[in-house]
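Same chain, two partners: subunit A is paired with subunit B first, then with subunit C.
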Partner chain A sequence: MVKPETLHAVLNAKTVSVVGASSNPDKTGYQVLKNILDAGYQGRIYPINLKAESILDINCYPSLLDVPEDLDLVVIVVPAAAVPEVMQQAADKNARGAVIISGGFREIGNVELENEVMGIANAHDIAVIGPNCQGINYTPNKLCACWPLLTKRGGMAVIAQSGTIGATMGGWAEDEEIGFSALLALGNKSGVGEIELLDYFASDEETKVIALNIEGVKDGRAFIKTAKSALSKKPVVVLKPGRTRKGAEAAQSHTKSIAGSDKVFEAVCKQTGLIRAEGICEFYDYSKILSMLDAPLGRRMLVITSSGGSGILAADTAEDLGIELKQLSTDIKDRLKEILPNQCVVSNPLDLTGDATANRYMQALDVAITSEVIDCILVIFGDPVHKASDVVRDISSRTDKPIVVAFLGGGDVEKEEVLLMHQAGIPAFPTPERAVRAIGALLKKKNY
Partner chain B sequence: MHKLIGKALADEYHLNEAEAWELFSDYGIPTPQHQLARSVEEALDAAKRIGYPVVMKIVSRNILHKSDAGGVEVNIMDDEGLSEAYHAIIENVLAYKSDAVIDGILVCEMLKGGLECIIGMTQDASFGPTLMFGLGGIFVEVLEDVSFRVLPLSKEDALSMIYEIKASSLLQGARGQVARDVDAMAELMLKVAIMIEDNPEIKELDINPCFVFEAGGGIMPVDARVML
Partner chain C sequence: MVKPETLHAVLNAKTVSVVGASSNPDKTGYQVLKNILDAGYQGRIYPINLKAESILDINCYPSLLDVPEDLDLVVIVVPAAAVPEVMQQAADKNARGAVIISGGFREIGNVELENEVMGIANAHDIAVIGPNCQGINYTPNKLCACWPLLTKRGGMAVIAQSGTIGATMGGWAEDEEIGFSALLALGNKSGVGEIELLDYFASDEETKVIALNIEGVKDGRAFIKTAKSALSKKPVVVLKPGRTRKGAEAAQSHTKSIAGSDKVFEAVCKQTGLIRAEGICEFYDYSKILSMLDAPLGRRMLVITSSGGSGILAADTAEDLGIELKQLSTDIKDRLKEILPNQCVVSNPLDLTGDATANRYMQALDVAITSEVIDCILVIFGDPVHKASDVVRDISSRTDKPIVVAFLGGGDVEKEEVLLMHQAGIPAFPTPERAVRAIGALLKKKNY
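This part shows the complex of A and B:
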């Protein structure tokens, strides 16, 4: 088991070396070094390359042994056969951790080579991430030792067996200005696995939600124990593909994962409180909302919309998930009728109709938040509503009820307003169904 | 490890039904009245003690599916019927498997009036012992209406397994049905879970059916298989 203090030293590394750094932009050894630089890493960087004097204007060293100081983290991109020697050198430089991006180990049958590398690492307490992985990214340390280049700091820690799923989560979080605390690709999981990482990020103050993508669980009992402990501190969303027979077969050949029954894993989620996502989209949406909002006090939701059709979709999804759309009290309805134009449908969903402006939303929400029969509010902007973000920002500052937005059909205004909402800590989703499903996940969040 | 499991492992066979009931009793799990008989005379004595009607079942380490082998006779009303059934079972079983080792015939009380449930345990490749719950008959076999939880099991887990199945309203007394003793069922599941935790040699277990009676009336396992 890798100790939390070792992981802490690795993620907060003050010195990083890239073994196999390259001056060829097509090589991973170039891309990783460039991303570390471009992310604004503040520590010292030591590229290792036998021939080059410098790459990207940074001095190179022929081997790790030539680096003038001890190393916290060694990123390895050399061919598999050379990794044992590099690991020995890393040990000589008192490295705390090694990210082995190189493939060519257990996943293609080279079990002995992998065991040799792990033997050296374990003998020297070096935390290994990988091999055969896409690297690590820890935004509080501006350490992007992976690809693509992603830097937006936020509250989501993504632990992914699949490098692509991890990078996708990070990419969306960056585009939407939600951000993430960490992206870790596990690859063959020979050193650091989900157990240590769940445990670590449960206590990491930067992290508000843990997003865990796994294809199999090695030690189910240890997993349950760690998951329960992590869930006592913060929510954990899990994406475990391989639900079906064919999917399970694919998982088995992808990472040689042990495939237990999916029904049993589903039961484990219920027993522990793990919030399960079916696909990448839900994985992202659930992690996003959970990193931004606290759970509503109950299951009663008010839908306010400018799009009747979108309101119906929200109502459908809500009913599927057991989220209630209660009717507002007569008193509140009367007050709404007084201030709203005749064409508005004063019900739940509350339809402000297609010509609704930010001002009309503001007036309606002002009254609605005083209702005692609602626990959360879904605001659907179904048109290019200018200054929509001003409305929800103002309203959410005046109520404890979570405000969630679905913004669609809004063109460039939508793009701009959604980012402003995210900056203000209000999650916005591109469809009513996604917004309501995210609220469903939020309802599973405990009070921390 | 329970002594019966040690003995069965040494002899390389699974627990027979009489042994399964003994194991259950040691864990406070209710069992139907039963007695192992090795002759018609012993069977008559057993029936006299238990009281008619009775059920008779083959006990053989070579026969896992007793009904398939013609090894079960139910609703036996008197001494004459019992004597006939005894011989019929032996004949059927030997016709099914001529070299079957017959350890005897189990005479059990004939239970009535319970709703049939199934409790099962399998070993999951990742999570180890996992309990399954469902209603008997078509609910499990055709509709696959079952729930799972991994061990260790809490009372809350056991109750949520019962409430999770789609047909759970049948247990709770929907549409003119009587409400069943859900609490006793949850207690049974907890005891089974403890028994499994104590005896990791158990690879698979089935209580099928297990009768659950009206609220307050408890539960009663009717047939059990314990595989090592």
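This part shows the complex of A and C:
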């Protein structure tokens, strides 16, 4: 078991070496070094390359042993056969961790080579991430030792069996200006696995939610125990492909994972409180909302919309999930009817109709948040509503009820306003269905 | 019933008037006029405004009667009470159609006013779109008489009860460079309804797929008959919110539609071949793939991926939908093993692993398309694969099997390559699940 203090030292590394750094832009050894630089890493960087004097204007060294100081983290991209020697050198430089991006180990049958590498690492308490992985990214340390280049700091820690799924989560979080605290690819997970990482990020103050993508679990009992402990501190969303017979077969080919019975895993989720995502979209949406909002106190939702059709879709999805659309009290309805134009439908969904402005939303929300029969509010902007973000920011600051947004059909105005909402900590989704499903996940959040 | 030749004249209007044009950028009467101009409309435009001499540098007229020629299309954004007079003037100018964006009619109880307007329109064979709608957009005529501004020409005709759902479809199609032939908002559908439009777009050569969003059907028997007839010519995707009790209630508040039993509608879809979308995302994805590809000859899919995890998700979704992942023949497998590096998993999914380049995809696909046990191919790019679009374009040109792409985790490379694929007529989706569900819809397409 890798200790939390070791992981802490690795993620917060002050000195990093890239072994197998390259000046060829097509090579991983170039991309990783470049991403570390471009992400604005503030520590010291030591590229290792037998021949080059410098790469990307950074002084190179022929071997780790030539580096003039000890190293916190060694990132390894050399061919598999050379990794044991590099690991020995890393030990000699008192490295705390090694990210082995190189493939060619257990995943293609080279079990002995992997064992040799792990033997050296374990003897020297070096935390190994990988081998055969896409690297790590820890935004509080501006350490992007992976690809693609992603830098936006946020509250989501993504632990991903699949480098692609991790990169997808990070990429969407970056595009949407939600950000993430960490992205970690597990690869062959011969050193650090989901158990240590769950445990670590449960206590990491930068992290509000853990997004865990696994294909199988090595030690079921330990997993349940760690998941329970983590879930006592913060929400954990899990994406576990291999639900079906064909999917499970593919998982076994991929990482030699035994997917196990999906029914058993589903029961584990229920028992522990793990929030299961159906696919990549939900994995992202659930992690996003859970990183931004506290759970509502109950299942009663008010829908306010400028789009009648979108309100109906929200109502359909809510009913699927057992989220209630209660009618507002007569008193509240009367107050709404007084201030709203007569084409508005004062009901739940509350339809402000297609010519609704930010001002009309504000007036309606001002009244609606005083209702005692609602626990959360879904605000649907179904048109290019200018200053929509001002409204939800203001309302959010004046109520404890979570405010969630769906924004669609709004062209360029939508694109701008959604980013402003995210910057203000209010999650916005591109369809009412996705917003309501995210609220369904938020309802599974405990009070921490 | 509005005749097809009337609809043809409206969509291909050579002269358009905007009654209620405004110089105030916050007004619909400004936005619609501006969008008609900005979309590059080639016909003659006549803004009507009592006071202004010109708006947006276009000469204004105080009334329709002052326009110096007959009009094909009149777009109306004045208050409801003024619409009967405008409709009479439109009749005097021999208008073929009127798009009534103005609200304030049947939807708020003003049934008589709406009947008065329709009485004039029907007496003069004027095709009315609306009232209370978001307008129309027909890209072959560069006629964007609605909002937001959307101009990209493509094969999807969107007929939308909800202006927002229509605008969302159009917006996504524009962003993804898929485009659309038409966007039509139904509004109160007192004139033109889904029956006429289904019938019209079934024969419109610009349209490859009809995307129909309805909340209820007025005449069930006529709908089934028209749907069957349309489906004998091209695929029709349908999004009908109001599946649930709460959703149906909301639909009734919205458009006074009787949603009817969802089971009955589901049976109608099965009987007629209507392809039902579960939500807005699927409405778009299904319409997109159906506008671009012909149906595969069978249900056997090969998955080629650089991301093992994504391949498993594709396999899961395929099994959900009864899409088969057959194993390749020994002969094909042997040929693949010869050319691929030994970390690749030669199976179905065929995993080219994370360092796969465009060249490796090309080599693998070259062999794979010769297989006799596959009817379509899902190519998953799970990394920033440069020139990915070159590969799928080349392969698509050499096989009749539909090639569908999922691209994720690819950062900026992904964004560029996806647009290049769309320009080449190859649909790319942001997750494997969405891609496989879209293939599920494609399998419902008939041979036309």
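Here is the rule we use: the second predicted complex is superposed on the first by the 448 of 448 C-alpha atoms of A that agree within 3 Å, B and C clash if a C-alpha of one lies under 4 Å from a C-alpha of the other, contacts with A are read in each partner's own complex, and residues count from 1 in each chain.
In the analysis below, a contact is a pair of C-beta atoms (placed from the backbone, for glycine too) under 8 Å apart; a residue touches a chain by one contact, two chains touch by 3 or more.
Nothing here was measured: the structure is a model prediction, and the numbers come from that model.
In the superposed pair of complexes, A:Ala123 makes contact with neither subunit B nor subunit C. Touching more residues of subunit A than its counterpart among subunit B and subunit C is C.
In the superposed pair of complexes, A:Ile339 makes contact with neither subunit B nor subunit C. Look at A:Thr168: by the touch rule set out above, it reaches subunit C but stays clear of subunit B. By the document's definition of touching, of the two partners only subunit C reaches A:Leu313; subunit B does not.
Touch criterion met: A:Ile108 reaches subunit C, while subunit B stays clear of it. Contacts of A:Ala82 after superposition on the shared chain: neither subunit B nor subunit C is touched. When the two complexes are overlaid on their common chain A, residue A:Lys263 makes contact with subunit B while staying clear of subunit C.
Within the complex, the subunit A residues that touch subunit B are 216-218, 220-221, 223-224, 258-261, 263-268, 270-271.
Residues of subunit B that touch subunit A in their complex: 124-128, 130, 147-150, 157, 160, 164.
Subunit C makes touch with subunit A in their complex at residues 28, 103-104, 107-108, 134, 147-150, 160-168, 171, 213, 215, 241-247, 249-251, 253-255, 279-281, 306-313, 315-320, 325, 342-343, 345, 347, 349, 351, 353-355, 382-384, 408-412, 414, 431-434.
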